[in-house]
Structures are given as structure tokens and as C-alpha cells.
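What follows is a pair of complexes built around chain A, which joins chain B in one and chain C in the other.
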Partner chain A sequence: MGKYDFSWRIIQEHLPDLIKGLIITLQISVAGMAFALLFGLFFAVLRFSQYRILNIISNAIVQVGRSLPLFVLLFWIYYGLSLKFKINFSDFQAGAIALGITGGAYMAEVFRGGIKAIDQGQSDAAFAIGLNRMQTSRLIVLPQAIRIILPQTVNIYVGLLKGATIVSVIGVSDMIYVAQYVSLETFRPFELYSFAGVVFIALTLSVASFAWLLERQLSGKSRRG
Partner chain B sequence: MDNSVPIFDFAAIWTSRTLLLEGFGIAMFCATAAIILAMIIGLLIALMRLSNSRFLRGFAFVYTQLFRGVPLYVLVIWVYFGLAIVANINLPKIPAGIITLALLNSGYLSETFRSGILAVNIGQSEAAAAIGLTKRQIKRYIVLPQAFRIVLAPSGNQFVDAIKDTAILSIIGVPELMRMAQQQADLFYRPFEFYTTAGILYFIAVMGVTKLFSFIEKKMNRIGFTNGSQKLANVGEYI
Partner chain C sequence: MSKSFGELHVLKDINLSVAKGEVVCIIGPSGSGKSTLLRCINFISPPDSGEIIFDKVSWRYFRSKFNVLANYRYEKKLPALRAEIGMVFQHFNVFPHMTTLENVSLGLQKVRKLKKDKAKEVAAQSLEQVGLSDKLAAYPDQLSGGQKQRVAIARALALNPKVMLFDEVTSALDPELVSGILDEIRRLVREGMTMIIVTHEMKFAFQVAHRIVFMDQGKIVQVGTPEEIRNTQEPRAKAFLSSILE
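Coming up: the complex of A and B.
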């Protein structure tokens, strides 16, 4: 069939649609991250609870959440749940929830790791000078834990952003979805998917380097302080 | 008409059990082949990033950033459809899937390997150089075996991610577990049962691999491979 001649004009012509798709990608990833923070915090708190049964339940849920592929979760929530229990989520809602469950399982570990990393001596010292449990958490443990948690949180967001590319399989009209239907019209899949790929690489790299900067900044402060 | 259908009907699962297990086997095969390939490429890239040549370092850096940044969805379409269009390379589905997963994971693994190599105490190479080992020998006998231990757990996590990622290969038609589940769910109109079963199978695979890697880690610790921090703790006990 000879050499393939590229036609990058397609991108230019469909740029408004592609950008609209990108905005939906960003929206769904942010919504997913909001769920992830909620789920993560909730399960991390359960892990630290005094009741053993709560620890076990939360541990099990986190394990399951981390083991299921996002793809399976999406189909399970969107097709499985809706058909079986008549819980009808819109494609966007189903996508955000699936991202939230996956991200939440990882966030729970991040929260737990961050809080556990703070030396026990810190809280002991805080108790010794007369702070109560609440004050110790708020004034001593959390400010230090945040330094560890924040960069990892941004990294998890990068993961969700990349995960958000597959929500088009349940029909969310994100950038990949736009690339897909435009390429069906124009027979230019290579150009369109390449464009989407480059946009995503740029996006994830910039967010990831933000995490890296954050990490350096925060660890620098702790050394000085 | 919906009320006539029992709430949970897992009979259909039993009917298509061979298809699902076949898909499971293909998924595991893809993940295993991909992770082995990714480890080889990842190690090469990690060594390049630590080399003296500026060109190799630059290449390795771009390689890592590229494959860590690109979403799997886009990469698999690039490899399967893109290569066919642009370079006339028509890969069969399963090899295309394996190559895609290997490329993606090699980006992550190279970073893991690099930090593993850097985590080996510099005193080790200095001591090796002092007793007359060449640079090559130091890498081969001193640094890499110790780095291997450090990267074992993160590599296990990468393997888990690869297993989960095989589900996405269904979009190019690799007949793996998710693809089979999708087909059968449509056939029997039982999405809940089939996707639940698929989820359970993925869970079993992930748990199995996690347990396997922690078993290897324990085994290695028992035969005298203690990690750096443990060694330090032991020294502390004697002082």
C-alpha cells in the first residue's frame, strides 16, 4: 500500500472537540480523586481503629480494591450493578466511582504509611508536655505526615489521570472517545491517537514533576526546621 | 420479564468455564512474558542511565519518561494499529499485547532498578575495587546481586500491575479474561455474574503473585540475605 501520508490537519480541524474531551478527562479524574481521598481517609482511619474487626474489614476492602483492574470495575459498576440492582449510574458517575475505588485503595495505604512513618516518640513527647490525643494528631502528627503524604497523593493522581483514559469503554466522551469517533469518520486513527498520547504524556509528566518539586520543597523545609 | 430471572444465576459461568479459564491463562501468560521482557529491557535502560555516556543517559531518560507517561490505552493502539499503518508491521494480537505491556513496564522497572543500584552502599564498590575487581566484575558480582534483593518487592508490585493491565488488552481483541467475560456476559445477558467472576479471578491471581513474592523475600532473608537496615540494627545490638 506504499507509504502512509500523514495528515496532521485533522487534529487542527477537530481541536475544539478534542479539547472538550480533554476537559471531560480532567473532570472525571478530579472527581475520581475526590472519591479516592474520601475512601482512602475513611479506610485508613478504620485501619487505626481500636476494634480488630474494623481493621480486618478495612484491610480486606483495600486489598480487593487494589487487586481489581480498573477495567473490570468499570464494567462491573456500569453494566453489572445497573442491570442487577437497577442502580443506574451515568457513564460519568460510574467512571468517577471506579476511579475513586481504585485510587482510594491506594490512598488508604498512603495515608496509613504517612501516619505510621511519624516516630512514636513524637506523640509520646506531645503527651508528656500535656497535649491531648486530638491536639497531638492535629498539631504534631498530621503536619509531619502531610509532608510524606502530599507528594504520593499527587503521584496517585497521575495514575488516575492515566487510568481515566479507559473510561471511554463505557461511553464517557473523553478525549480518547473523541479521537475514536473522529478517526472512524476520517480514517486517521494514527494521527488522532498520537495527538492524544502526546497530550497525555505532557500532562502526566508535568503533574509528576510537580510532585517531585513538592517532595523536594517539603523535605527541604523539614531539614531546616 | 426480569422477575422471572433468578437474582444470581451463576450457572452460565459454569457453562462457559473453559472459555473463562482459557482467558485467565492467556492473561497470565501475557503478564508473565511481558514482565520478563520488561525486566531485561528495564535493566538495560537502568544501566544506560547510570553510564558515563551522555548520549546513552539522555536516551534512557527520554525512554523512561515516555513510557511512564503514556497511558496503556494509547500505547496498545499505537503498537497494534499504528505500527501496521505507519511501518506496515502487522503484529498478531497476543504479541502486540505483550510488547505493549513490556514497553510500559520497562519504563517503571528501569527507575526501580536504577534506585536499587544506587541504594547499594558505595563502600561495597570501593571495597571491591580495592581488592582488585574490574568495573565489570564489580557490577556483576557485587552491586547487581545486592540490588536484586532491594528491587524484588517493587518488581512484585509491577508484576501485579501488569496482571491488572492485561484487562485493557481486550480492546485490541486479545482473547484474555476480560474479553471472554465481556463476550459471555453479552451472550447470556449476565454482566454482573461474569464481571464478578472475572474480578474474583484477577483477585486470586494478584493475591497469588503477592504471596509468592513475599515468600521469595522471606526465603532470601533466611539464607543470609539481610537488607541494609537490618544489618545496621544488628550492629546496634552489639555496641
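Coming up: the complex of A and C.
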């Protein structure tokens, strides 16, 4: 075994910067998730539209969105749009949008699965009492679908949280960026990245347990009929 | 009126009129289109051709490939028809994420536009009539099949519909719960409700119906009073009845 003296003091010294980075990571992943939920719901609803052309378009966008590496997406949005169309997003905005598109493509499938899992009889009954399509989705189908959707949504959020580390390449000063930056000065990348790793484990675990609590809460209230 | 799913013609040249206050039972072998006919009446599965005349107003299925606005206008009109037609399903289709009271008051609030308190009051009355006063706060999974079906009946009746459609409402129930639901329908018969009932309960059908419709392979084979149908000479109806009444 090689000899390497860990110097965890580095972490302590740079803790304020690392925490600032962590907050940026959280902010960008939450913003990305918000976009992902919007995109996802929008494209899932299009998939259920009565117009075939909308089904096809939304399906295509979802497939492409899922296949594109986040890295490529990020470059297109941050540099590509700026160079070609003079659309300038800040690094944070570009990161959030890229995360939103990737996450949205996955969320669209999750929403679709959740909505499809609800028995057709539920919307039949809603129509039969005179609710319109919108009311049926909002009051009957979605509230029931959420229980099915929630666990997968958490998985996707965890994915985005980790994906959010890539935004450091366009200069968003997230936790990875700070770790990288500090290690250049201190030559202690091992400690710094390990710290980041542990923080991510802690984050993932807390998100998962929050979801577990929420799920229990929901299943207490909404039951199968 | 006709209806097909792709190549499969489920309903062919159906022509049936039901008078106010009349109770019509539809019988026939499985797959004969009884349920589909019922679902055409309130456009849950709209007929491809033909019309439904309800209260002197004609309703036709409309679908344009390109005119999105016209489709939207058509869709917007449908709830008005559906609110006047109560429907009860084989599998209850109560809303599992809502209490019994919420299940029934939902339509009153959203469709009849009653204030929340008033809606709850009317819903509670409707539930009282089906004997569920003590279950207002219960969720569907705390109820038996029979109780769920009562909630579904109350949900439809609360909107004060002009006609009720019953789609094999006892088929998914345990045998000991069937008679309770049939009693609810008998109560409605006494109150003079117009009803179209698809059922496999032959004894019940012959008791309550003013007219019986026998369907087979998507067509109405024979319509008549219970007496006429019982003594039918039509071969398919005769075969069906003798197989059932064995």
C-alpha cells in the first residue's frame, strides 16, 4: 500500500467555499428539476393527445432528449445558441435548462407510465358525471398517478443532482468546481473530491428518505378502489 | 346508430327509443354490444354514425382531423349532456383518493356549480338514501363492493339526472351483496326514474322492466314486454333464454 498522508484539514479550511458550491449545486438541480417537471408533463400530455401529429412530435423530442449526453446539450445551449443565434444564457441558466431537457425527457416517460396505469374506468366515471377533459386529468387521473410517479421522480432527481456536477465545465461554481479549483492550489484533489462524494451520498440518502416519508403519507390518504 | 372499433362492427343499425319514466332492460350473450350501446348514449364511447336524441336535442359524434377549434367546441358541449345522464359501472369506478362524501360532492361542485357546503349537504342526503350515512368520511378501500357500488349510485343520483344507465352493476359483486344493489334499483323504479339497465340478472330484469331488449352480435334482435320476450319464438332469443333459465 502506497504512503499518502491525508490532510482533511484542507476541507475544514475551505468549508465555506465548498458549502457555497453545494448550495449552487442544489439550486441548479432544483431549477433543472422544475423545468424537467414542466417539460415532462407537457410532453406526456401531448403523448395522450387525440391528434396523432402531436403524439409523433412529442415522442420524437422525448427520444432525442433522452439520447443526448448532458455534456453536449450543455455546450449547445451555452455556446451554440450564443454563437449562432446570439441567445445568451448565463452559465447557471444554461445548466438549469440542459438539466431540465434531459430530466424532462425522462419525466415524460414517467408521467406517461403513471397516467397509463390509472384504470380507464376512472376517467369514464369522471366523464359520466360531466367533468371535462381538463377536470378529469387534474382532479381524477393526476392525483392518483402521483403515487406511482413519485418514486421514479426521486430517482430522476438524484440523477439530475449528479448530472449537475457537469455544469462545472461551463464555469458554474458548483461544489465540484470549487473542489477542482481548491485542489489546483493545494494539490489535495483526493480529499476534496472524496468529500464531495460523501456529501452526494448524504444528499441522495436524504432525498430518498424524504420521498419515502411522502409516499407513506400519500398512500395513507389515497387508496385503491 | 352504429359503432365499430376498426374492422369490428360492435353495433349495427341500432334503433331504440325510451320514453320518460320507462325502465328498459337490455339482455343478451356476452360480446353482443350491450355495454357499448350504453356507453354510446352518453358518448363515453361515441357512436361513429347516427344520433342520440335526448330531450328533443340531437347529439352526433363529431371529429375533424384538422379543425381543432371545432373539436374543442364539440368536446365542450358534451359535459352538459352527460350531467343529465347518470351512469353506474360494473367495476364501480369510485375515486379511490377521495372520501365517500367527496366522491359524491365532486360533480355537484364542478358540474352543478354548487357552493362547497351546499354540495356536501346534497351529497350527504344522496348517500343517506343509499344507506351510507355512517360512511361519509370513509375511503373506498374501507368499503365492501356493495358499499362502493352504493357510493357510485349516490354519485350519479346526486346530480339529479333525467335518465340512469346501469352497466352490469352487480356482475362484480359477491353473491350475497347483489340483492342489496338490486333493491336500490327497485327503489328508483318505484320513484319513476327512467332507466336503461344492462344485466345478467334475468329474474330481476323480467320483474322490473317495462320493456326488454334482446341483443345479439351487435344488433337488437327483439324488443318487447317481459311477457312477449318470455314467450318469444325468435330462435336466438329463445336459445339464449333457455340456456340462462335452465
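Assume the second predicted complex is superposed on the first by the 192 of 225 C-alpha atoms of A that agree within 3 Å, B and C clash if a C-alpha of one lies under 4 Å from a C-alpha of the other, contacts with A are read in each partner's own complex, and residues count from 1 in each chain.
As a convention for this text, contacts are C-beta pairs under 8 Å (C-beta built on N, C-alpha and C of every residue); 3 or more make two chains touch, one makes a residue touch a chain.
All figures in this text were calculated on a predicted structure; none of them were measured in a lab.
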*If you stack the two complexes on chain A, which partner ends up touching A:Leu131: first (chain B), second (chain C), both, or neither?*
second
Query raised in the report: When the two structures are overlaid on chain A, which partner does A:Gln50 contact: first (chain B), second (chain C), both, or neither?
Result: second
Chain B versus chain C as contact partner of A:Phe75, first or second or both or neither:
first
In the overlaid three-chain picture, which partner chain does A:Ala34 touch, first (chain B) or second (chain C), both, or neither? neither
Counting residues of chain A touched by each of chain B and chain C, the higher count belongs to B
Legend entry - Contacts of A:Lys162 with chain B and chain C, given as first, second, both or neither: first
**Asked** Counting only touches as set out at the top, which of chain B and chain C does A:Thr204 meet: first, second, both, neither?
**Response** first
Contact-wise, after the overlay, does A:Leu26 reach chain B, chain C, both or neither (first, second, both, neither)? neither
Dual-contact residues of chain A (chain B, chain C) none
The answer for chain A against chain C in the complex is residues 50-51, 119, 121-122, 124-133, 135, 139-140, 143-144, 221-225
Interface with chain A, chain B side, in the complex: residues 7, 65-66, 68-75, 77-78, 81-82, 85-86, 88, 160, 164-168, 170-171, 178, 181-182, 185, 189, 191-192, 195-196, 198-199, 202-203, 206-207
Seen from chain C, its contact residues with chain A in the complex are 39, 42, 44, 68, 71, 75-76, 78-80, 82-83, 85-87, 89, 91-97, 106-107, 110-111, 139-142, 148, 152, 155-156, 159
Per the touch rule, the chain A residues reaching chain B in their complex are 1, 4, 63-64, 66-73, 75-76, 79-81, 83-84, 162-163, 165-166, 168-169, 176, 189-190, 193-194, 196-197, 200-202, 204-205, 208
